[in-house]
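All remarks here apply to the structure that follows.
First chain written, first letter: the chains are A, B, C and D, and each begins at residue 1.
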């Protein structure tokens, strides 16, 4: 390996040179930053400036550079030097644009800039160029495993195969089709949205069997899953008891849903004659094969009532709290079964809100045209029998009423087949590991519903959101489950209709393909897509405390028999939560470590007490809080020149050593800025900020030991739009510290 | 220049000595100056109006209109059939639409028309139109403006479009809530169009006869809004609107102690005066509430 | 004219909103080459103009930051802004595409230092704020704009103002001589992520959007509530700048209406429910509380959104009226809109005065600057279903009225469909 | 109760919606209503409707036959067409309401003295005489519809208006002796009789 050579480049453009003493900054970079080369340029991001740097890299063998110019978020195309390590000292958005104008601020402004130069130099010295996953030759498997042979699974399998990937499609029953296979027809997928369409299941199944890239495993379940993207090891268990080992690159879980058990709805006639759920009606329609639909007693149905939201949208906590999204359209479709066979059949849909978004409105209109009657009402009681009765409140006519029918169909909704709930699992598993026999028994019972049987430290299935659906980074990044390389598709991750399930499955296939391609190149998956760094652990220093294995939001770290962490780099999303969690600081990344940040903290020049210049350290999430700070600058909002801000990958990666170091060194206050946690979390690493808050809630003890006030360390939830708020937060905090007085630690550092 | 030819369906109220006699009177000068030739449909019958529904039923009312259409088709081939009365126009136009859309309705209608030895073909491009459509679409605001010899300077007029001249068809390109064509016509003759809230409000229509209190309440709102916004008079394209809003002002005054006396005119009367028509030619002598400002201009 | 710069292995993504960015990035992160064209000067599309998302009440710019970071770090994506597709010929696997690139008058030298903006005095309507405010004729489209480069409005390109902007730039980044350019390229597949536009509220005549100042649209309300918007996040009504506290939200403004848009636009119920929470946050719950009233036909808070609906239902500052508002008139005294209609749950007539009315306007496919090839298959509301030759795809709101989450799913799926085309082409070329 | 009504009840049992679909003008569009209520809010006589149009459509689906047909709600229609142009489902509401009124009238279920029903009958009868409306005889009939005494009162109340119209040449006293008329009167009578026969046949209303 060649010797490291460090260089700093200071831009004097955008007014930096007009306001700051560039020569002074150069001096700092040379003397304190110990940079071998220090150059300034009036317009560093233009072709000439960039060439200057390139020339030094080529001709002077520079290996590490500190670019002191604008924010690391700006001019990324210009300052793109993939062969060297680079830090960015933020002189423009971080200093020039946020420190109040005027000569009276010259001194503090210059000090701030000097510190950022010091920090940039200190950081880059501890960085090395990421080499990618060293074991990537072992992560070259690109087969896509699809678990579940219903509409979602079949779609995902075909979508992957048609893009050129090998697919293993596992279905626990004897045939493909899943729930869709039991339908008479489906809600239409395309214009005109007027009539039920053939399900297309048979055609898809035929296409799958004709596709040489897809291997179908019927009567098969996944008995065990280990490994990581590019090298998942799965055991496929056949009903016969035969178990086959297989290596796959990525997994799509399309384990579907189960209709909500109508037996739980006795008040709606469950268990009584001629009261069925939507699945039951599908069976009757399949039996009728396009002819008149007949009841169990053989009588032709002449009148039918559909009761919407049966056991759904329940606010009492007894039944499903959510809406299953598809049931309105499904009932419309089913009412059409009757009307299309015989327009004389009376079909009534009792609904509260008719939810047929998008082109579903056409389908609704078509049903009305066919004579399906829609009544806005809330059903209170259904009585089955030869003549069924639905009692309901007519919400338009504002009165209790009832309607008789030969058959009543309850629209009961979807329950996700997402496997084991990990929160419940963790509790039981901890007890079981502690030797509790009852818990051991419970644990094996729980496992019977597992879909993937992951051998992960954090449990056998993907984490779930509320109501048992698979979690994802909902809204912007819907496919980001917390198990890298495993993508949820279809109604196991959100209630949905068949059309959406096919879209969803195609999207999941896209992500699975991406996962295998990234694994093959040793790169991170979203949200740090393409990141070649990966966690390196010095096991010799490890105390087997398990913090990292517990806290990793992605279940990337398992434990060996001696309880040492086993890192699965391909599962890792590079958030650094493990690094933040590690009390002995043995986990690091090549370009982001306890040292790269710690040395920045230490590089800050903390003035003596008598100078009365406090210092505030900000550790800001690079995804949201740091951009907010930047944009405060873009909008020329001013904040205290006493702050020194360091971007971190995620607040979860903040190691408390940085805070204690800062306080020991005489910093007067530390502000942590991270994303919102909880159900509506905004953390891109899902649990990263939550972990950080948890960890930092315990910092009080440390402060007490140091004899410091608790206000010396604060945590704030900062959103990316909080530019104005962030400036105010800083200024308020500065004022608060002013009242508190300077840190007593000054001078001891 | 040859005059533009139209089949003309005056309707019952626009006959001599009927309630809209002043309306039809004002057509003379207006059509003459604008080069419009109206050819009356021979032996036309009543359209049935909307109010005919209770007793008449659907097909009988359809057939009434179809007879007029069939005569026009036969006697005045190719000519658009024009009426000044929105109810008449609506009757014709709805008939044309429905007879086109529903073959069964057309068969039934022609079956009944056999009794008068007529058949409605509906094959020509002749359209059922309101007089204002002819003025706006065939003549144009500019031509109307050009024909003005006595601009109605300083007269503030609330254009009252009402219901059936506006809905469900209205004038192409105009909105149902705020049609501007009447205002533009008012401006074309040099008067000032007054914006007010009741431009497309209902006067009660035929229910002015059966539900006088309820209708007069609507009429009062219309007139008061015109007053509040500084109008000197109201102008309308509808005989029923004109009659209701004009005639019942005295009733309202009697019942509520108001002092409503807002002249209510037809757009055609404005045009007639502006084009140089006399008081009589413009039908101004046919007003219950005389429009003195206009009479002054016409009398000059 | 610029020569061909791509091949049949390239994916063209049209539209740089969240769907287009997603479609482009998912393919690029699989190693595919992608050209992403956007007609406006910066990426982000309509989601960038939203203040917050339902139901998490989080910020669109948060995901935008990640997506921009992905784009900045990925050499496989080439972004072309101010670019429209004017023609597409050829077929699946081999399309010839003509692009029109409008002049920005600012080159890559721009450092976004802002000096040109300071030098210019004339202002143009700020389209980012739906015209609710003005912006200098030399401007950065928004605080997060990518490319982070200024734009000079064509209206000052040939004027002294333009020259002033040029003179103010120390980095020679202003080029007033820029001309419209035409670019030809060959691509294997096209993803149309051309997005949506709010239905023209002027057409919904009974609501008087064109006549009453205090009747605004839901997209405008997003800008009003955004601290980066024209009022700094204060809910000030346009009529007189007064604080609006009693706000009506009218659902299905254009949607589910055969006179306007026959389809349901899906997002509007949730958007209004979300916006009631802006009002709540602005005024709190106590004495000073604001008041939101939602006038609706059906509340379509489907699947997990139901939670949000139930939460809002429990909010004492929000009430619901099941009614399509018949018409709005203006109280001339105070400029307040008065809503007339009937609550159909039990037949209750109302004429209710509010400070401000927000029309939850529907979604229709964007057509401005969008020229779809004849080969595209459209549904009855002109959303894209696909192409006859199977080589082009709709993504996001161009394909259906979708919320952001579903648009991203749709775009991810479209990305794979595009890759399938590329894969087929590659297999054929290899054979 | 009329024979026609008894016949209808027997024929349709509880299926009022089907009855309306088969027997009422544009009745087959009733099912397309989605209960938004824009019609109810758009009607100038709205507050006077015991049951608003949208509610009427719901009553039809709910089988509230007697309650609806004996009410005077559908006699409140001024034919302003506001509901039609605003209806998001393009229901021809005005026509349906007219049709319902006509149907109730045919079945003799309308409350006695319902003024709009009386007006529409007088109007129709008047026009059927000579093929055109004779405004004078129509007005007089209107005034005297509730008897001689009330008629004189009504005439006196509107005397000044009548005189005004007379003076203005917009009311011709000579019309009392006939006035404007169609030449083909008997043909028109036959034509209308035929039309009614066809329509009643289609609607199963032939006695």
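FYI, a contact is a pair of C-beta atoms (placed from the backbone, for glycine too) under 8 Å apart; a residue touches a chain by one contact, two chains touch by 3 or more.
Owing to the predicted nature of the structure, the values given are computational and were not obtained by experimental measurement.
**Student:** Going by the touch criterion stated earlier, list every chain that contacts chain B and also contacts chain D.
**Tutor:** C
**Student:** Hey, which chain is the most central one here, using CA centres?
**Tutor:** C
**Student:** For the pairs A-D and B-C, output the one whose chains share more C-beta pairs in contact.
**Tutor:** Looking at contacts between chains, A-D has the larger number.
**Student:** List the centre-to-centre spacing of chain A and chain B in whole Å, with centres computed as mean CA coordinates.
**Tutor:** Comparing mean C-alpha positions, chain B is 66 Å from chain A.
**Student:** Hey, how far is the Cα centre of chain A from the one of chain D, in Å?
**Tutor:** For chain A versus chain D, the centre distance works out to 64 Å.
**Student:** CA centre of chain B versus CA centre of chain C: separation in Å?
**Tutor:** Chain centroid spacing, chain B to chain C, equals 46 Å.
**Student:** Averaging only over C-alpha atoms, locate the centres of chain C and chain D and give their separation in whole Å.
**Tutor:** Centres of chain C and chain D (C-alpha means) sit 50 Å apart.
**Student:** For chain B, write out the residues touching at least two other chains, lowest number first.
**Tutor:** Residues 176 of chain B touch two or more partner chains.
**Student:** Can you tell me which residues of chain A touch two or more of the remaining chains?
**Tutor:** 354, 365, 376, 396
**Student:** Among all residues of chain C, which ones touch two or more of the remaining chains?
**Tutor:** In chain C, the residues touching two or more other chains are 206, 256, 322, 327, 344, 347.
**Student:** Per the touch rule above, enumerate the chain pairs that touch, sorted by label.
**Tutor:** Every touching chain pair, ordered by label, is A-C, A-D, B-C, B-D, C-D.
**Student:** Which of the residues in chain D end up touching chain A in this complex?
**Tutor:** 15, 17, 31-32, 34-35, 54-55, 58-59, 61-62, 64, 89
**Student:** Any idea which chain A residues touch chain C in the complex?
**Tutor:** Going through chain A, the ones touching chain C are 13-15, 43, 45-46, 70, 73-77, 159, 162-164, 190-193, 313, 315, 321-325, 353-362, 365, 376, 395-396, 398, 465-467, 469, 474-479, 494-496, 500, 503-504, 506-507, 509-511, 513-514, 517-518, 526-527, 529-530, 623-624, 627, 631, 634-635, 675-676, 680, 682, 684, 719-721, 723-725.
**Student:** Under the stated contact criterion, what part of chain D meets chain C in this complex?
**Tutor:** Those in contact with chain C are residues 34-42, 46-47, 51-52, 54-55, 82, 85-86, 88-90.
**Student:** Name, in rising order, each residue of chain B that touches chain C in their complex.
**Tutor:** Touch list, chain B to chain C: 175-178, 197.
**Student:** Going by the contact rule set out above, which residues of chain C touch chain B in the complex?
**Tutor:** Contact set of chain C toward chain B: 205-206, 208, 210-211, 327, 329.
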